[in-house]
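Dropping the structures in below, format is structure tokens.
Same chain, two partners: chain A is paired with chain B first, then with chain C.
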Partner chain A sequence: MTNDLAALHSYLAVAAVLVGIGLVGFLSRRNMIVMFLSAETMLQGVSLSLVAWGRFHGDLGGQILVLFIIALAAAEAAIALALVVTLFARRGSLDIAAWQDLRESDQPPFEEEDLPPEPSDEPAAWPHLAPAGIEPASIDEKEHYRPKV
Partner chain B sequence: MIEPRIILALATGLGAVGLGLVLPGGSGRRRAAGALFALAALVAWASLLPGVGPWLANGLFALLAAVTIVAAGAMISCRSPMYSAIWFGMTLLGTAGLFLLVGAEFLAVATLVVYAGAILVTFLFVLMLSEPEGRTSYDRRSWAAMLSATTGAVLIGVLSLTLATGLAGPAGPRASGGGLPRDGLPSAPPTEPADAVGGLLAPSPPAAHRPPPEGPYAVAQLGTELFTRYVIPVEAVATLLLAALVGAAVIIGPRRTPQAP
Partner chain C sequence: MLLDIPFLLILIPLLPLAAAVLTAALGKHVLGRASHWPTVAAVALSSAASLLLVVAVRHEPGHEKIVQLWTWATVDAVSPPPPGEAPTSGYPGVRGAPLPVSPTHPHPNPPPDGEGTGSFHVDVVLRADPLTAVMLATVTFVSLLVCIYSIGYMHGDPGYWRFFSYVSLFVFSMTMLVSVSNFLLLYVFWEAVGLCSYLLIGFWYQKPAAAAAGLKAFLVNRVGDFGFALGVFFLWTTYGTLDFTLLGRPELAHGGTAAAIGLLLLAGACGKSAQFPLHVWLPDAMEGPTPVSALIHAATMVTAGVYLVARCTPLYMASPEARYVVTAIGGGTAVLAAIIALTQTDLKRILAYSTISQLGYMFLALGTGTLLGVAAGMFHLVTHAFFKALLFLGAGSVMHATGGVIDVEKLGGLRRRMPITHWTFLFGCLALAGIFPFAGFWSKDAILAAVAEKSHAGDATWLYLILFLVGTLTAFLTAVYTFRAFFLTFYGRERLEPEAGKHLHESPWVMTGPLAVLALGALAVGGYFQWSGDFLDHKGFLLQTPSLAPLVEQEEMGAAPEPGGEGAHSSSGHLAVALLSTGVAVAGIAVAALLYLGRPAWLEALTALMTALGLYGLSKNKFYFDEIYRALVVGPLERLAAVLAWLDQHGVDALVDAVGAVPRAIGATLRPLQGGLVQFYAVLMILGVLALLGALLL
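So, the complex of A and B:
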């Protein structure tokens, strides 16, 4: 019995961490798709806890509830992605801040801060390559060549 | 559970093949594959020893949990939404492994097929249709990063605290029925008889701690339960899926211009 309880504990702990990470992602990311992925992560955490509880109680109800969660997630993803595509077609951006005029009337508008400098693909200094295919200036200076060992 | 004899036979065969490949004479790749085989054989053989099996299961749980959590963390911290989606797939794999470990085989497969196979691919399609680069300004910044991270951390902390104080309390004789120790729940009357421990949280016969279904009958039992006791919710979910399909088609379909009368 204590063994079962310990297993339930560890599964619930993992589920809690998943829900927390999903919450952080949903709150902080601005890309709509990443926000939905975070919401799905929270659903995964809840599913895990349901299955662990069902196992602990020896009841199949937890697994069946998770089956319904999966079906609901599929429906949610279909609707949400249709909405995302429509929103993207209207504003040309997946940024959720593009829709900030839908906020409450007494909330201050979101203002863009300064961006950190863009990391560019080009290196700061290109390596210097000697031009190839040019005939050496003087061929006669054989004495400067390194002697063969 | 597979029979120990079969595991032993598999381990012996794998070990022989692995050792044969590892011996000098083959290419590096062959020897690496042989080393993998031999390692798998060793693990399978060790799982038969008394006392090692649970330890291995714990190690497997730790591995899967670490994969799941690290992938989730990487998902929300990746700049490119494409990488985020791939990391989410990794999270799904970890969760499916945990389902498998806890004895929910059907759910593990359903998670892989429905989530990773359908939902994630749809996400990737939409990403491809929009901005897969991760160079946009909004992908490179977060809303109030410290504040939201603190919120999540506090949530995890409170949940863990609830776990520690609500579940790990002295189990005592009240938990002998196999139900939930109610020590952490304030609503539990103190003079509750031991048999009613299951209470609200265990709707099926109270405090009857049946052994969870194992083996090939688990899926059959799940299906029986699904289509007898839960048949009305199944129909409701089917209707909901149809409605979602129609709704998505209507939302994204061509705009109909109102016709002049």
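So, the complex of A and C:
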């Protein structure tokens, strides 16, 4: 095995690993942004593979195509994140499992079995000392607790 | 020009057809209450044209005119014509050279002009001869009177326009039936009158009994029509043509073939004319409106069978066996129906059984095969049309007045409230019983004389002797049941229920007018035709019909060796029969008067006696014919139908459902592929890519 070929193999191996990581991440994560991230990673893996082949064949075509891919990926990122923002504004959650409405009418929806408990609406109780002496003026709980940051 | 036979022949059926179409198209919304006008006008003109036709046929040399209209169907043959046959000239009609039935069978004549040999043509051909003219005149005249009567009877019915449309269609079918000149078209119009009968019996179709009765009539007729069709097929294979000209050469059918044809045609006639064993539909057909019963089931449609047998006289003369069956069935049915009529309580049913009985008389006469017999049969057809229509219309008048009550046990004493109906009904009853000088006397006397004549000399005298006695007994029973109905309805104390008796009044003139005309006919028609000799005389009008010529020949041959006239033709023989028939009729009236106008104890005693003998039950239950047929025929057919329905539902439908279930199964299998989760779709995409790579690499 010549040097070139060995180098090609290494580059292709790294690219394959990148694609694999991206694939697994896309399939297993439920956060929309992370899913998109994984897809971008797959793209990067492909780009690496293209550059490696270009170098191997001595053809600059590989690099040119990668330039295209980068520009494409940027545009795609803009669109994808705009979609994610819109979807989040609708449901208030980045979970992809919130969007299952386009299934067949007699299929059951996918539901989490072991979810963490929903945050309850009552505000968490702040600790306070026993009042000494005269009660101060009434404390409105709402002033001491901000539900959103 | 007015007496131009083709013009008249075409006009007579065409006008009612036009009226039927017009009323059907415009009746509901445009004509409404006036829906009767097209029908009444058309039938009136047809009636006038029929009377003109009678005059025209009298003037026609040979008394027969054939009018060919157009060719209905042509089928060109594939096989070459048989060689060496000289073409004969013949009438247009159904032509063709059939295959020989057996090597020894004489090859029927090839078609005229030799052209189209081996091919099959059906032409629409009408014929005018005395038999047709007589039938047309009777049918259209009685139809006219019934149509006028219906204006009053069907007044206010929501299906008024539908009624007149159907009636015109019926008149068209019946006039065509008697005018056509070949057996195929006769069959077509035979079915057409059956259809009109079905439509009219089931006129009030929302009533289940009426719908069932219509169906029963049609199905029982179908059984007879099956026999008729087989007879027509036989005629085709024997003669090679279906035109009535085949009746001019009956010699081609001998022995067994002639008997078979005669019996099969008789089967059709039994179906249509309600003879044993196919008589069961006629009493149920009384569910239809009374004018329908008067027109179709008394005067016209049921006489189609009699017309058929009369038309085929040469065929029946060629086969004594068929004739014996005809007479036996006629006589048997006559007495059977008369016995049943003795105990019925529904006035229309009594008249229905009376019709069956009188039709039996006509077949009894036709089966003698003599000139007097056939002429008497046709004579009775005409007189019966008058007095039976009169009786039915009278019953309708009673129904109209009492609001639908027709049970004689709930009627009584109507003669004071409905005088015109009473008197016309009386005329009809006297005519039916056969009292001099009413119409029925002349024709019934002629029938009994013909049977008596055959019981003295000729073949199978024993059969005719028995039938003569049966006929005389039936005449007695006829008088009894007729006057039973009459006395129960019009005499005695009023047994009407309060709501029926409320508006009991005489019927309007549109209804009593036809009653009066028919009563006049019932009085005078018989005597007039006896005097004019139109029916019974050798040289009379009816017997000039070419189809009936063999009868005249036979008579003249039979009369020649005995010029002194000591045969049964003697006037003393006739007088004896006339006295006997009048005697039994008067006796019958006397018995009816005794039982129904005298002390109730006598009637009760007689009823008890008859019940003890078992005869009362037999008569009241119509000899259990309906039950027997239900057990033998209807029941097994219903079970067979149930089995087939089960097969259809679970076999055929299961197959079709299985075919339908396959896409559903595939869909159910593939549906989970769309679960809504994006990642699942991504997995599928990857699997697809792998499959593609695998296909490319492997």
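Here is the rule we use: the second predicted complex is superposed on the first by the 108 of 149 C-alpha atoms of A that agree within 3 Å, B and C clash if a C-alpha of one lies under 4 Å from a C-alpha of the other, contacts with A are read in each partner's own complex, and residues count from 1 in each chain.
Simple rule for what comes next: contacts are C-beta pairs under 8 Å (C-beta built on N, C-alpha and C of every residue); 3 or more make two chains touch, one makes a residue touch a chain.
Computed from a predicted structure; not experimentally measured.
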(request) Could you classify chain B and chain C on chain A, in the superposed arrangement, as clash or fit? (result) fit
(request) Look at the residues of chain A and decide whether chain B or chain C touches more of them. (result) B
(request) For A:L48, decide between first (touching chain B), second (touching chain C), both and neither. (result) first
(request) Would you sort A:E104 into first (chain B), second (chain C), both or neither based on which partner it touches? (result) second
(message) Which partner chains sit in contact with A:L27 here, chain B, chain C, both or neither? Use first/second/both/neither.
(response) both
(request) Please provide the least distance in Å between a C-alpha atom of chain B and a C-alpha atom of chain C in the combined superposition. (result) 7
(message) Does any part of chain A touch chain B in one structure and chain C in the other, and if so which residues?
(response) 23, 27-28, 96-97
(request) Show which residues of chain A lie in contact with chain C when the two form their complex. (result) 23, 26-28, 35, 96-97, 99-104, 106-107, 109-110
(message) Taking the touch rule as given, give the residues of chain B at its contact with chain A in the complex, in rising order.
(response) 61, 65, 68-69, 72-73, 75-76, 81, 84-85, 88, 91-92, 95, 98-99, 102-104, 106-107, 110-111, 114-115, 118-119, 122-123, 126-127, 129-131, 135-145, 147-149, 151-153, 155-156, 159-160, 163, 167-168, 171, 175-176, 178-181, 198, 201-204, 208-213, 221-222, 225-226, 230, 233, 237, 240-241, 243-245, 247-249, 251-252
(message) Can you tell me which positions in chain A touch chain B when the two form their complex?
(response) 1-2, 5, 7-14, 16-25, 27-31, 33-34, 36-38, 40-41, 44, 47-48, 51-61, 63-64, 66-68, 70-79, 81-86, 88, 93-97, 112-113, 115-116, 118
(message) List the residues on chain C that touch chain A in their complex, please.
(response) 671-672, 674-679, 682-683, 686
